[in-house]
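Here's the structure we're looking at; comments come further down.
Naming follows writing order (A, B and C), and every chain is counted from residue 1.
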Amino acid sequence: MTDIFELQARLAGTACVSGIEQRTAALIRELAAPLADEVWIDTPGNVIAHVRGTGRKILICAHMDVVGFIVRGVDEKGFVWLSRIGGVSLQSCWNRLLRFENGALGTLRFVSGENGAFAKKKVGEITEDDYYCDLGAANREEALAAVSVGEGAVWVSDRRETAEGVLIGPYADDQVGCAILLRLLEELKESGNSGGNDVYVVFTVREEIGVIGALVAGNRLLPDFGIAVDVTTAWDAPINRPKYEGYTRLGAGPVLTVRDALLIADRQFNDRLIAVAEENGIPYQQGFSKGGTDASSFQGVGRGVAVTNVSVPQRYIHTAEEMIARSDAEHVLRLLAAFLSKPAGGADREKPDGSDREKPDGADGGKEEGDIHV
Amino acid sequence: MFDVYDLQSRLVEAAWPSGFEASQAKLLARLAEPYADEIRTDALGNVIVRRKGEGTKIAIPAHMDVLGLIVTDIDKDGYIRFDTIGGISSLTLLSTPFVFEDGSLAAVRAEAARIAKADNIEDFSDKRDMYADVGALGKETTERRIRPGMVAKYATHTVKLAGGKIISTPYADDLICCVSLLLALENLRDAKPENDLYFIFTAQEEVGTRGARAAAYHLEPDVCIVADVCDAIDSLSAEYPIGNKIGEGPAIKLRDGGSLSHRVIVDHLVRAAEENGIPYQFDPMVYGGTDATAMQHARGVVLSSGVSIPTRDIHSPYETVSADDVVQAGKLIAAAAQRKLEI
Amino acid sequence: MKEYLKVLSSLDGVSGREDRVRDFIADRVRPHATTVETDVLKNLFVWKKGKGTPDRPIVVAAAMDEWGFVAEEAKDSGAIALSAVDGMDPKAVIGKRFRVAGGETRGVISVVSQHLTGKTGTDKVPELRELALDVGAKNKEGGKAAVKPGEGIVYDYPFAEFGDGFYRGKAVDARLGASVLLRLIEEVSPALDTWFVFTASSKIEHRGGVVAARRIDPGTVLTVEAAAAGDVPLQKPALWSVRVGEGATLGLKEFGSVYTRELRERLARIAAKNGVKVQIRSGMRGSGDAGTLHTRASGAKVAGIGAPVRYVGTGNPIVHRDDLEALWQLAKLFVEEV
């Protein structure tokens, strides 16, 4: 079966920002097609892979978009002005190399201002007019021949895995999640066992700018359970240290979110996953994050969904050198596979025989007119 | 035929910071050897390539050392503390990726305490509160590969922009001038030198022009034509009001932070350019010293000037030059070296 | 090593006025050296023939000058104006006892203007040129009679052993290297011809070193000096540089030098083979003679060894006898095996 980091490396070549996920989606659809009963791309661009079952409907998602920039405009000297997409860390907004959708390269710089004005600015005062991209173009015409307004750009940076299995490089958020889900599909196909659950593996769009793709998918599919597979802050580097013990660390296992910026996870669901982890000897952590994930967007759809995140702990989120551990990614995979290997059963508050589960009008979760078919 | 992009990439991959230049010295010696009459290495590691001629002794230095980090400590959790080798500002350090001698990759980060106290960007990025994380999982795992005294360099690579006309690369300062020296040597291959020429790839320039000083003490040249970069101010990130533009030819040095060029040598360079149809501009650089400074102070009288490559964002992990400026610089250095110079 | 350190650190010699130190060392080494020479700047050059001859000269160097001041004119108040050598920390000298070099006249450093009292500026550290030496004179005549302009002014803290094996004393930091060199000349037969250079004016931009380098044109330089240890509670561990009790120090880099790795690793190997404790000196803000000695002539490979010393430059530096002993062993091995 394919190595998770190898899958992630393949996805890295297609990485692009929210709203411009098409290349990644095409690659994922190609990889997922032989692994699921049906695979399609919906209107907003989510890739949905369906492994049929008659039991509970489970939506597991990871987002395809990464943070980065898009082109706002080009000035007469040929310098490119950008807009940030998603929570790009400010520290990564200068002295970096960018790759545009159509292959052009340019360096990100800060505008130094009069007498070193830039360095004296307050962190909160930095705007999009304080950095720009230099394509090496001589003038506006040459620049516009290389990039267009609205074109996306992402960082170019080295990737490296250490002997201890720590991967350093860009786009771990959330390409590691996509890679884990592709591997999950491989495992479900190989084992032939998804616990009878009706599984939808969704690769979402536009998470970084408002968890929009997931909302649409959640609305259409109306699952019983939802798990977002994303990354979450590991607090163990000196950049971050909290004052209490037991905070999320790199290498200490998958993180079940207690709360993040947008979500208080479903406690019973978390408890159930903890039980699965303990039964199967899988390490886990319980985490707090200042960011948000797709899970929050579909918690409130239909009659409500039991949601949580199962995340890979990561240092330096939204920078060009993100850091994750192989063991954590593999444990996330193990946990998801273990959860799916048995029927999910009801959420505690429902009738155990599932008789209360209705299908809302016209929404059976299957393909619809206008969707792109495999 | 030497190619600018190819040479620069190879030098970048081989280069390590001041005091640790063995790897790039070896590569440069190997590349220069077919074009040399004599070649030797001194105690500081300078590589001295001679084209023998009668008459005026001309030293042509370009430094092969680069900026970087040196590991000072590994803390109890395995994070790396370091100091800089050469002038990398704290702002440039922040969030920049470095590669260590063993291949480990790490971006430099700022501690939480510093971020909490910071008011502005400058504050935010004080070097003493920064660290490097190679994937620390405890002190022992880091110490398996990293020790105090190891060095690190920018983990960026040479790229072509604008269809190949522009090159953005770490260490254009001063490897791109090592390239221009190699191009000059190639241009002079079949010529019989009219002056006594010493092309010197110097060591430890970034920490005080040390290699050049020792080399000049020993050699006692009459003239120095230094090949270093000069500030291009044709971008919004430029920090000085005076400087050059990329793509308008190599710059003939009028001065730098530590030396004043001599009229005789400047005129010699101008005439060499004009006689050979080589475009040029003038380098009036106010800040920053070069090997010319050291050579002027080493021992006896040394008249100096230089052939500079205008470069954007000097000392950042991506310095930007025009490929053609480098080609022209190679031609200008060769022409000036070859044109008989009487002092 | 105690006697060497005691006797040398007790001599008085600020930068530019190292005569007493130089003359003492010259007399001591004459029976053991092949040649003993001096120059106009007061550097001392001791050459010992070895069993073999190196390709290029080998220099083992240490500085002779200590921290202190040179007296200027007496002020109207009777206090003596002072001119400091490089690296003096104004915070470290206020209230400390000083003595005229070679004499018995003593005084305390005070400040002329009222920075330490009053509502304004209680936190402000005075600048060096605002400091003056109070010799207990009542007026300008009294001051003039007590101290002549141009005399050296040194810390007045005699050598002592204290605590659990520590030495302290006014120039325990500044003469540490010289004491090792003195013993090397008296006791060790070098493998190769070796220059032992005692430099002058190291605290005035290393002027002695510049001249010494040009005289000898070394190919290999080893400097021996105190390594400032910051292992005190006020300082963050990452910035300690070296720790007392962890052995002799091997330098990485400082303002004037990037120490040659090959030499440093060789020293580390020799130390390991012979059971000598060594530590890496990670602090890089010092400035020793190594810089000038290895770059001011044709160029040399360079290494710096030392012993951890706390409170360098304060008049009460302290070093542990075990670290000093480790330094001695390392220096001896270098000269015997180089």
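Quick note on the criterion: a residue touches a chain if its C-beta (ideal position, glycine included) is under 8 Å from a C-beta of that chain, and two chains touch if they have at least 3 such contacts.
Small disclaimer: the values here were computed from a predicted structure and weren't measured.
Determine which two chains are connected by the greatest number of contacting C-beta pairs.
Here the largest contact count links A-B.
Mind having a look at which chain is the central one, using mean CA positions?
That would be chain B.
Per the centroid of Cα atoms for each chain, what is the distance between subunit A and subunit B, given in Å?
Comparing mean C-alpha positions, subunit B is 41 Å from subunit A.
Just give me the whole-number Å value for how far the CA centre of subunit B lies from that of subunit C.
That gives a centre separation of 35 Å.
Can you give the whole-Å distance between the Cα centres of subunit A and subunit C?
60
Across the complex, what residues on subunit A touch subunit B?
Spelled out, the residues of subunit A in touch with subunit B are 77, 79, 89, 91-92, 94-97, 105-107, 109-112, 116, 118-123, 126, 132, 134-138, 142, 146, 157-158, 160, 162-164, 166-168, 236-241, 250-251, 315-316, 319-321, 323, 325.
Mind listing the subunit C positions that touch subunit B in their complex?
Residue positions touching the partner: 56, 219-220, 237-239, 241, 252-253, 256, 258-261, 264, 280, 282-284, 291, 294-301.
Taking the complex as given, what residues does subunit B use to touch subunit C?
Those residues of subunit B that touch subunit C are 18-20, 42-44, 46, 70, 72-73, 75, 81, 83, 85, 128, 147-149, 204, 207-208, 210-211, 213-215, 217-218.
Under the definition above, what is the set of subunit B residues touching subunit A in their complex?
Against subunit A, the touching part of subunit B is residues 77, 79, 91-92, 94-97, 99, 103-107, 109-112, 115, 118-122, 124, 131, 133-137, 141, 144-145, 155-157, 159-162, 165-166, 168, 234-239, 247, 312-313, 316-318, 320.
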